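By letter and in written order, the chains are A, B, C, D, E and F; residue numbering begins at 1 in each of them.
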Amino acid sequence: MSDEMMEEDGVIKKFMFVNRKAPYGTIYALEGLEVVLISAAFEQDVSLAFVDDGVFELKKGQDTKALGQKNFSPTYRALEGYDIEKLYVERESMEARGLSEEDLLVDVQVVSAAEMADLMAEQDVVISF
Amino acid sequence: MLHIVNKSPFERNSLESCLRLAKQGSAVLLIEDGVYGAAQGSSVEAKVQGAMANVKVYALDADLQARGMANKVLDGVTVVDYGGFVDLVAEHSNLQSWL
Amino acid sequence: MKIGVLVSEGPYTHQASDTAYNFVKAALDKGHEIFRVFFYHDGVNNATRLTEPPRDDRNIVNRWSELAKEHKLDLVVCIAAAQRRGIMDENEAKRQGKDAHNIAEGFRISGLGQLVEAGIQCDRLVTFGD
Amino acid sequence: MSDEMMEEDGVIKKFMFVNRKAPYGTIYALEGLEVVLISAAFEQDVSLAFVDDGVFELKKGQDTKALGQKNFSPTYRALEGYDIEKLYVERESMEARGLSEEDLLVDVQVVSAAEMADLMAEQDVVISF
Amino acid sequence: MLHIVNKSPFERNSLESCLRLAKQGSAVLLIEDGVYGAAQGSSVEAKVQGAMANVKVYALDADLQARGMANKVLDGVTVVDYGGFVDLVAEHSNLQSWL
Amino acid sequence: MKIGVLVSEGPYTHQASDTAYNFVKAALDKGHEIFRVFFYHDGVNNATRLTEPPRDDRNIVNRWSELAKEHKLDLVVCIAAAQRRGIMDENEAKRQGKDAHNIAEGFRISGLGQLVEAGIQCDRLVTFGD
């Protein structure tokens, strides 16, 4: 890592991590979250977007005992402790999946597709999982 | 015939293709991200419910639970564990995974 | 009943190997015979002994090795798919002039014919993939 | 392999290889074809189904020079030499992709979804790529 | 903004999601299996043509040629080579790959 | 312009690594700087020297190694993703008690911070995946 470099530069960029995959079926949601956690150390302007099946990452009540995988969903609730507080969920994706805000395990901002489009367009760096 | 679908119907076309090509009387087992196809209130609910007139639909419990979807399963979908998965394979003379 | 299994994706990235493992265990519990587990496509990546997952996670490779030992499972890795992806046993490494090999205990490398043979010999062939 | 075993058993099963993926974007079409070629040595009753994006595997005029991958589409024309002659294309999949029989590089039987469903259901072994 | 789509619109939802979330005036580059979205006469033609009122659509030549689709490209889609891909990345101040 | 590249899939199975390679070559041809190529998820599998593809096929790993040598590219493999999938260099193998390593020439293993840093330092970060 390069704390010195960052201090020298003092660059703060808008990073958006776009989550479009369901958890457990593939590793992208989990390994994506690992990038998010690391990014916290770099003091950038970080936001997370949950679009399409990415909304399922935030579903309450995940229980992976019978699956034999680790339940990583509590980590989303821990993001606040890393000063990562901008979590956006696209309403259209959520509703198409039969979910509502009460189904989600963490406080998020539910935004329309048009608002999400605006948020994406104003980023410097978008990384999609 | 047993058809196995492991992908989310919102992300991929495999459930749709399976339902198009599954003959009347066959069984469709939803596993992994495929279990989202068994959820209530989604945009694919009507399609899955329509299909249940022709095919029997099952969903794997471990995958439903992992995803927090166990209490959202459509009426008429039979939830099975891994042992039930094995039984379905044994009971049907042939099978196909919709990769 | 005689069951064959085809695993088409590598460990961790897709759930295929997990589901196959849970299916095989359940089938053995019910007294079925697992004729062979064949690893094809990225599935060959289940057969490397060099993985070191986080301590609080399952070890997919070791789990297969242990199940194979316990139940004398035939875990077969497709040779052509393995060469493309860098899975080598000692013989293959020698033959290809490689300075290392990485195959895990309980896996053997063989030809695609072993998959077709499983289809012929087994009552059922179940595929787990992406 | 086990020629002896096969002769002993004399089993002939109906094998169907179901192709649902486009070529080049992923390796499944190519590695699927390798299984098909091997299966010829076992003297089984082999057929190939092309459904969904699998239809694109048979598109005429593939030219991979700029891509730097090998063009494996001529192999479909060579299947006849391996006595693999049952190639079925689902009409609905073909038409949804804007293709017609004249776009395909090998002679196939174009069948309806209902006919394809019948063909699949009568197989002993179905392997999907 | 440059949006990059690499999946077939018949298999996955990524082109659809991209078009839903791409703002007016942005560019959409189709690569790999994504180039099938640029084809004439398909079931997604109308959707792509409709989108071209709002966004500029590009397709990667090497991928079109490999798939035998170079002579089936919709009017209005601009075909680029890898150098053109690089130029698109350089010309847009931000970008997103729809994985 | 300073460009970073993220490769999220392994060689051969998905086109991601091919497209990334062709993109990087074209960017270099146009005089851009490739700040770093970061391999994450199954992308770490591009970094094994044990692959042996068919002779009439491209060698994806060697191609990256050669390009790195020619242009002094920084090819970075994520350590956590590499451990899960069995990509090891000599140090890591020693540290993990493994009896072999498989990393190819021109690749180095480092942390995920290198990806975030690329996002900060580069004018553009382009992802190639599934």
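Just so it is clear, a residue touches a chain if its C-beta (ideal position, glycine included) is under 8 Å from a C-beta of that chain, and two chains touch if they have at least 3 such contacts.
Being a predicted model, the structure only gives us computed values, none of them experimental.
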Intersection of the contact lists for chain A and chain D: B, C, E, F
Neighbouring chains common to chain E and chain F, by label: A, D
A-C compared against B-D, more contacting pairs: B-D
From chain B, the most remote chain by mean C-alpha position: F
Greatest separation from chain D - chain, by CA centre: A
Equivalent interface positions on chain C and chain F, same or different at half: same
Geometric centre distance via CA averages, chain B-chain A, whole Å: 28
Distance from chain F to chain C - Cα centre to Cα centre, in angstrom: 26
Computed distance of Cα centres, chain F from chain B, in Å: 38
Chain A: positions in contact with at least two other chains: 24-28, 52, 67, 69, 124-125, 128
Residues of chain F touching at least two other chains: 12-13, 15, 22, 41, 57, 80, 127, 129
Touching two or more other chains - residue numbers and ranges from chain B: 6, 10-11, 13, 32-33, 62, 81, 94-95, 97, 99
Chain-chain contacts as defined at top: A-B, A-C, A-E, A-F, B-C, B-D, B-E, C-D, C-F, D-E, D-F, E-F
Sites on chain A touched by chain F in the complex: 1-2, 5-6, 9, 11, 13, 15, 27-28, 31, 34-35, 38-39, 41-42, 44, 124-125, 127-128
In the complex, chain F residues that touch chain C: 10-13, 41-42, 45, 48-54, 57, 61, 80, 83-88, 93, 96, 98, 100-102
Footprint of chain C on chain B - complex, ascending: 4, 6, 31-33, 62, 81-83, 85-87, 89-90, 94-95, 97, 99
List of chain A residues in touch with chain B within their complex: 21-26, 52-53, 56, 59-67, 69, 71, 73, 96-98
Contacting residues of chain E [partner chain D, same complex]: 6-8, 10-11, 32-33, 36, 39-43, 45, 61-63, 65-72, 81
